[in-house]
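The structure that follows is given in the form of structure tokens.
Chain naming follows the written order as A, B, C, D, E and F, and within any one chain the residues start at number 1.
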Amino acid sequence: MATVSLLNYDEAPEEVQKVFDEIKAARDIPDVNNFWKALAHDPVTLRRVWNSLSQVMKPGALDPLTKEMLYIAVSIANNCEYCIHSHTAAARAKGMTETQYAELLAVVSMASQTNALVTGMKVPVDEDFLVAPDTAGP
Amino acid sequence: MATVSLLNYDEAPEEVQKVFDEIKAARDIPDVNNFWKALAHDPVTLRRVWNSLSQVMKPGALDPLTKEMLYIAVSIANNCEYCIHSHTAAARAKGMTETQYAELLAVVSMASQTNALVTGMKVPVDEDFLVAPDTAGP
Amino acid sequence: MATVSLLNYDEAPEEVQKVFDEIKAARDIPDVNNFWKALAHDPVTLRRVWNSLSQVMKPGALDPLTKEMLYIAVSIANNCEYCIHSHTAAARAKGMTETQYAELLAVVSMASQTNALVTGMKVPVDEDFLVAPDTAGP
Amino acid sequence: MATVSLLNYDEAPEEVQKVFDEIKAARDIPDVNNFWKALAHDPVTLRRVWNSLSQVMKPGALDPLTKEMLYIAVSIANNCEYCIHSHTAAARAKGMTETQYAELLAVVSMASQTNALVTGMKVPVDEDFLVAPDTAGP
Amino acid sequence: MATVSLLNYDEAPEEVQKVFDEIKAARDIPDVNNFWKALAHDPVTLRRVWNSLSQVMKPGALDPLTKEMLYIAVSIANNCEYCIHSHTAAARAKGMTETQYAELLAVVSMASQTNALVTGMKVPVDEDFLVAPDTAGP
Amino acid sequence: MATVSLLNYDEAPEEVQKVFDEIKAARDIPDVNNFWKALAHDPVTLRRVWNSLSQVMKPGALDPLTKEMLYIAVSIANNCEYCIHSHTAAARAKGMTETQYAELLAVVSMASQTNALVTGMKVPVDEDFLVAPDTAGP
């Protein structure tokens, strides 16, 4: 159950169908998944999010699988059930092995443990970890 | 400022010095960073966390830089200031380029946006994303 | 399923029934929703939370719909499924249009994106955004 | 301190200066704030985030102040220090009174309390709060 | 720095001074801490929060120190810097030993690790952990 | 549904069965719960997590029930549905009364409320709450 209905291709206005077509073509899938059907009630956000996602997730200095695994890590930390399922499935489709997935879960959960330890003790940041905002970089 | 003092090598008991020595040797650094000095008040947890971290972060199906970037992603989502600074510095030390870092931030923030959209609409998970718990796998 | 049973009016002690009656009267509904039935196992907390909620959500410098939308925003950020459903339904009952809801989701998710970007870079706060604690105000 | 330096107008490439100019013009301010100077290391994300933010925050079915208050609510729930300061300052600049701010804080904190109560008890969602995904709407 | 100034006793209206007096008497301290001085801009919320906190934290089926440690655990998970510092100091004042504190941190961080593992794998809840909402209890 | 299948004793490799046997013996239960069956796909993490959990949760300066309640508090704040159910069941098995549970929920939710208030106002930490990192202790 959701807070909005899922809009299917046939019920959708032309501008929404156009985005759906782009998604299906880009991913070579017969139909878009539920996230897009729910978002379709707002064609402007649907268009903006799809364009942004395409730009962010395309191959770059990081390969698509690494980006997908980072997406999973954030989705776990944010506890987004839908995103965890969809991006884990996407990562597997992009070649994530079960061993890589196991290591991903090990890192994500280990990070959550040390994050809590550090936050609990409010450890001061070591000077040499900081970048002076007024320096040339990085 | 913190909720505990930072324990330096000279003040530390032998079991703590042993862990500090292992950390310095493994990372080839002259001194351990503040996290370890704060954790040193509890030798048992210090030993357990160092052993676990060494096991989780060692090269495997995922390379050390990818693991470091996953660590940054989780630390950002959990908003752990110390961890964000220490692991961003560590990733750079392991060769993360500024372009890779920029893409990491783009993915992490994009994920946070779609996580919120999906969570807000409580979109039902597509059947084909799920793995039946009683199947052979994965 | 839950960690406690849902206490219905007839099974409830008099002090609980009194709060249930106040909720039903204030909202003009035939029965209280599950949150109150679950909380009813602790009459003291039930009374405190109902009194606090009534005080916080009543018309003031902010109108009830704006308060309801703020409640949805927080519930999404905290990923409280029950609260997301109940307050989205409540906001609609108070007149939230689907266009307003779409904009609410756009703002909440956009904020989550920039929150993550800023947190990841640990951007220092601009001096002129700060209020000196020892000034007269605001 | 931050994980990146703050890029000032004079050091920035032309495409960044163009975005800075748009921000200064749109907000009628002499200089952009630190968030944009930090983000400037990635001109593509800078452009995308500014375009998205402009679209999301412009007057619509919700007025700019209501959107700004929703932004504060999310930033508090996500504990983004920079965002809390910048958007609270922005809301005040858009006319938020101290009484409205006090009510905003009361709603945000009250929501956090009931979110925790509901999450702790895992209260099942009332049937009538749900929208069947396959219905016509909303 | 904060988003509001800190209101001191002498500048505060009578209703605020009354709450400050109750806090100082209840805790036997010469002055209230910054949280109350910041909250003092909203006398209604100040009164409600103080009354609620007094009721919640008073000795009951759980002793004050256990309640204080639960407060620290939540403050760490919510990453509330001020609360982590104030409640850790309060717990120590109530007798929390450094060994108890070390164990608290170990449990909180271990929980964060398994929380992330379970959330990442979306493990289905074992039937026998659930309480049917329509049963007599608990 | 989950992202991995649940591995049962008979299908599991010997190293996994050994951990399952230890868990069953330590808890005197006929079968391990789903968390362990899901984690079993990664014998190394399974072993590490079980060893760590046994060490962290064993009786110490804090009794097992207090540790279990701290675990529930963190699981609620992290919104881990599985963990909330499993640790609430475990706490009840260890003797947590419904009154203690009600007080736990009251403290956890009250903390979430004041956490949000403090975070929203970004109240500066009182000097006397801080421990100088370079002091002898605590």
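We adopt the following convention: a contact is a pair of C-beta atoms (placed from the backbone, for glycine too) under 8 Å apart; a residue touches a chain by one contact, two chains touch by 3 or more.
Fair warning: this is a prediction, and the values are worked out from it, not measured in the lab.
Trainee: Provide the labels of all chains in contact with chain A and in contact with chain D.
Mentor: Looking at chain D and chain A together, the chains touching each of them are B, C, E, F.
Trainee: Of the other chains, whose C-alpha centre is the longest way from the centre of chain A?
Mentor: E
Trainee: Just the number, please: Cα centre separation of chain C and chain E in whole Å.
Mentor: Distance between chain centres, rounded to whole Å: 19 Å.
Trainee: Could you work out how far the Cα centre of chain B sits from that of chain C, in whole Å?
Mentor: It comes to 33 Å between the two C-alpha centres.
Trainee: Identify all positions of chain B at which a residue touches two or more other chains, and write them in rising order.
Mentor: As it turns out, chain B has residues touching two or more other chains at 1-4, 6, 34, 38, 41, 44-45, 52, 74, 76-81, 84-85, 88, 98, 102, 105-106, 108, 110-117, 119-122, 124-125, 130, 133, 137-138.
Trainee: Where on chain D does chain C make contact in their complex?
Mentor: On the chain D side, the touching residues are 1-4, 6, 33-35, 38-39, 45, 49, 52-53, 56-57, 60-62, 66-67, 69-71, 73-78, 80-83, 85-89, 92, 97-104, 106-108, 110-126, 128-130, 137-138.
Trainee: Which chain B residues qualify as touching chain E in the complex?
Mentor: 1, 3, 41-42, 44-45, 74, 78-80, 133
Trainee: Inside the complex, what are the residues of chain F that reach chain D?
Mentor: 72, 76-77, 79, 81, 84-85, 105, 108-117, 119-122
Trainee: How about chain A: which of its residues touch chain F in the complex?
Mentor: Within the complex, chain A contacts chain F at residues 79, 84-85, 88, 98, 102, 105-106, 116, 124.
Trainee: Taking the touch rule as given, give the residues of chain A at its contact with chain D in the complex, in rising order.
Mentor: So the residues of chain A in touch with chain D come to 1-6, 34, 38, 41, 44, 48, 52, 55, 125, 130-138.
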